[in-house]
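Here come two complexes built around subunit A, the first alongside subunit B, the second alongside subunit C.
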Partner chain A sequence: MLERFLVQASTYASDIDGLINLVAVLAGFWFLLAEAMFFWLIWKFRARPGKKSQYLTGKEKHVSRWITIPHALVLVCDVFIIIGSVRVWYNVKQVLPEADSTIRIIGQQWAWTFQHPGADNELDTADDIFTVEDLHVEVEKTYHFKLESRDVLHDFSVPVFRLKQDALPGRSITGWFRPTMTGEFGIQCAEICGIGHGIMAGRIHIEDANTHAAWISSASVATTP
Partner chain B sequence: MADTAVDVHHDHHGHDDHHHGPTGILKYIWSTDHKIIAMQYLFTGMLMAIIGGYMAYVFRMQLAFPGISVPGFGQVSPGEYNALITNHGSIMIFWVAMPVLIAAFGNYLIPLMIGADDMVFPRINRLSFQVFFLSVIVLMASLFVEGGGFGGAWTSYPPLSAVAEYNQTNLGSSLWLIAVALEFVAFLLGGINFITTLMNSRAPGMKAYDIPLVAWMIVIASILFMLSVGPLVAGAVMLLFDQTLGTGFYDPARGGDPILWQHLFWFFGHPEVYVVLLPAIGITVDVIATFARKKIFGYKMVLYTAVATGVLSFFVWAHHQFIAGIDPRMANVFTVTTLLISVPIAEMCFVIIATLYGGSIRLTTPMLWALAFMAEFLIGGVTGIFLGASGADIYFHDTYFVLAHFHYTFFPIAIIGSFCAFTYWFPKMFGRMMNDTLGKIHFWGTIIPFNFIFIPLFVLGMGGQHRRIYNFQHFPELATPEMFQLRQIATISLLIMIAFQLVFFYNMITSWIRGEKAGKNPWQANTLEWTTESPPPHGNWPLDRMPVVYRGPYEYGHPDREEDYWPQDEPA
Partner chain C sequence: MMLRNVRRIGLPLLVIGAAACDATPPPVGMARGAELYETCQPCHGAEAAGNPDIAAPAIAGLPQWYIQDQLRGFQAGYRGDHAGDLPGLRMRPMALTLNREGDVESVAEYVASLDPHFPASTLHGNAGVGAASYAVCAACHGADGLGNPDLHAPPIVQLDDWYLLNQLRNFKSGARGARPGDTWGVTMRVNSLALTDQAMQDVIAYVQTLR
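And now, the complex of A and B:
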């Protein structure tokens, strides 16, 4: 459903979209059934002169099963959604696949700062590349990010990755992503962070190996920490 | 039970206050009569709804037409935008939904429905409203102090809310917090009264399962509120200390933790959803039973599912914090509890739908509101499943999908539920019928635009539009013409909906003045409030004719009777 709005640019984007579709099908089924039943009953039992309403207590077996059977089925649907949800969640948030590279993302009022590992592919070394608002990554490489904040809560959100993670002052939160297509996409701050929340935008540049290497060499000359 | 009801009547001095106390307008301000206090809450809530609606109008105009000078406000700055959304949310939940659904209808209905002459603590009741009114004044003042109103969202997450340097509304944020805390005090006082009154002052013969469900629901909601609000009040005091005394409860640099606030807030915040939902369900159930001329399809089932929902609601709070930096393993636990809550809620909905079966449904204005509540609330319910499933929430968190979801729950609760109750009990409150044609015009003029406001917002949310952004021009993916069209559809629908509210106010005022006289029981309903005069006198019934209860509240369509209703107080 979501791929109609946004491309899937990470390995887990399609998993998350698949889960959303699963919920849409199961919840949608119950929703349509309940609404259809509801409007049909309103129509069927509209007041007509001389026709008195029936006296039903809900205890009669033949009527109460209209409640108890759907009740059990809803529970079964819940189990499917829970299993699907936990699987996706585990994959995205609980396990960390081996990283090809590590970056640091720092939120502050009201900009994103990105610390790239530079030519040696090691973070916190002299050749790290610092940028503001523009994150450069290579396609088909697994990245770990260390997410930090200097002041208030922020939230690193990349809609095309289907990724969101709050940034907290005083903590470094590690997460991962693996881009699957090249291009330039939006980064948002998805947690209100003051009057500049609406300008806290970034761009992610997903490049192929050559372009990325070229960017590293050009940026290494230009930036100092 | 009989003794208690009579004793209360003789002991308290409600009558004396009335006859020898203040006169004129003061009679209405210093009254301890539960009906007058209900009106005070009702009209204060209505006024706050107008203010909250005005705020929505201003920021929706800014979102649809960024940078324009909004008529009646002017240009919206980012700081003002944040203050508007923050206070819109706070007002609609704390100063509209709670005072109208719980305090106004709780105060009005509980004594009348259980056959009591007043609340058991009339003076505490008066104090409750006075504290509430103070909270309104403090909140309104917070909008006009130096730096403007608080703009850290109604969730008020620290460090943004705790540090003046970050939020730039030093005084506004403290006043906002004080107003919220005062509002909690008011509702604790009111809640004590509801619980005690329901337990002690029922008419002779009224057993636990003879109590109308709306009275039960308001009392269950009051119990939930009492149990959940404590941690938040403690949290609010710590936040106030962080703001004003420079403590560091939420400051990680000094050993605090910002996530602590989120736990305390949502431990209250999620039960709070059910605190306002249950009274609205109770109202809907009562109105549907009356106009479908049907016994509730499982009175006990509604009651037990309400209690189950209430209990479960204490174990789901962290679904608001899936991606907030909590231990990711915890998310799995809260996904399970959150999805389990769909079981009692679905069952409650099934029971209400099944009540229509075999009925003789009269589509009066209150019935239309009650049916609309069900139809719309279902949308809010099923969209919640996307957000309760942790994996899907990674994407949906803090998008407009969330916003549209909870407006599909809160709008039915606070607006549809209130209109349902208001139109249903208006004849009792004011002794006159409301105009049904105008009522229906107002109904359709509210329901249709409502859907056109929030369905586009679901779509925008799926497209990745995130919340609390005052202008989307900095996000190229969100600044496309199609997205602006959707925002404009939502805003124009809001303008139409607001315009139709004039019909309601016109109808209310003209019906109040010269509506058709209602009589005691215009809807041919069973519950006790319909056995007294409209409007009921002080003390509700003449002393020597206090009602006695012989049966449950929903005996409609009984085969042994010619009429299709059977009042609770009619001897067998």
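And now, the complex of A and C:
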């Protein structure tokens, strides 16, 4: 459903969409039912000439079951949501698949800096490629990222991956993603980080193997800080 | 009664809301510049005297052409688009918000109209030693350090000493002046390559004496 509006470009994007759909369907069902009941009761017990209103304490069984039965059913739905959430959380946040490559992502007011491993595929070596605002990755490769912040809280968000991860000053947070389609997509900061937060954007370039290798070859060493 | 309240409160709110939604910017010039400067103010300060704690230099009273040059440099990526230039990375997105015709000129005109600010020295270079190195700089920036618009050389006497040091380091490392098309930056990069960090501080100390 959500992929109609925003493509799914990572292996776990469909899992997260599935969870959002599950929550939307269950919460939407109860919302619509509750609203329908609410307006039906308003209409049914509307003011009528000669009929006095009645005060309800809510203690009578035939009244209180209007609360207790839906309450129990909502809790049953919650169990399904919790099971789905734990499954997705485990797959996305607890499991760390073996990496084909590792990158470093550094947030600062108000730009993203990316450290790519270069031709040797080793991070923190002399051939690392630094870019600002543009992240280059290869499709169908698993990436670990080390997310850092130079100043305040940021949040690395790639909507097509359904990926959001807070960046905290003083910490290096490890996460992962595996792109499933080529293309150029947006990166944004999803944590208010100051006056320039709204324009703290970047781009992720998901390339096939040949294009990515060509980019690594052509990337200028002048980008090294 | 309720309808009267709606009229009394709702209509003025509607008028205020409509006025607030009026997207027509002030015409190009000082008024628009003052409005745009509100975005710069959190870092550069109300009087554009800068804030060294966040590496925001004093810009009040700098020439309009120079401010325009720098803003366009940020917009084009000559400045603030290098992983090693942290303050520049902060400035670039702000410059990109000046996206309507006349914005850059207006805010530059406004900043240029402010009373110049001559920030106090924070470095401890040897001005006597720096005087010799300054002979090279004087060709563009002038013996008095007041700059030369024809050569796009700014009045460096007016700039913070820590800012000058950061920029010389940026030029030397290639964080600035290394992009094709950055004609004037390339000149500075070439001249910065031979300077050691101490030599940079010495020449900056000499520049401070020119005020």
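Criterion: the second predicted complex is superposed on the first by the 214 of 225 C-alpha atoms of A that agree within 3 Å, B and C clash if a C-alpha of one lies under 4 Å from a C-alpha of the other, contacts with A are read in each partner's own complex, and residues count from 1 in each chain.
Quick note on the criterion: contacts are C-beta pairs under 8 Å (C-beta built on N, C-alpha and C of every residue); 3 or more make two chains touch, one makes a residue touch a chain.
Computed from a prediction, not measured in an experiment: that's the story for all the values here.
Once the two complexes are laid over each other on the shared chain, residue contacts for A:Q108 go to subunit C alone; subunit B is not touched. Once chain A of one complex is fitted onto chain A of the other, the partner contacts of A:D124 are absent, as it touches neither subunit B nor subunit C.
By the touch criterion defined above, A:G196 lies against subunit B and subunit C together after alignment on the C-alpha atoms of chain A. Of the two partner chains, subunit B is the only one touched by A:F45; subunit C is not.
Shared-chain residue A:D208: touches no atom of subunit B or subunit C. In the superposition on chain A, A:W30 makes contact with subunit B only, not with subunit C.
Once the two complexes are laid over each other on the shared chain, residue contacts for A:L6 go to subunit B alone; subunit C is not touched. Which of subunit B and subunit C touches more residues of subunit A: that partner is B. Common to the subunit B and subunit C contact sets on subunit A are residues 109, 195-196, 199.
Within the complex formed with subunit A, the subunit C residues making contact are 39, 42, 80-84, 86, 89-90, 92-94, 96-97, 173-175, 178.
The residues of subunit A lying in touch with subunit C in their complex are 106, 108-111, 113, 115, 130-133, 150, 195-196, 199-200, 222-225. Residues 1-2, 5-6, 15-16, 19-20, 23-24, 26-28, 30-31, 34-35, 37-39, 41-42, 45-48, 51-59, 63-64, 66-67, 70-71, 74-75, 78, 81-82, 84-90, 92-94, 109, 151-153, 155, 157, 159, 162-171, 173, 185-186, 188, 190-199, 201 of subunit A are the ones that touch subunit B when the two sit in their complex. Contacts from subunit B toward subunit A in the complex involve residues 77-79, 81-82, 151-153, 157, 159-160, 163, 166-168, 252-253, 257-259, 292-299, 301, 323-325, 328-329, 331-332, 335-336, 339-340, 342-343, 346-347, 349-351, 353-354, 356-363, 371, 374-375, 378-379, 382-383, 385-386, 389-392, 394-399, 462-464, 466-472, 474-478, 556-559, 564.
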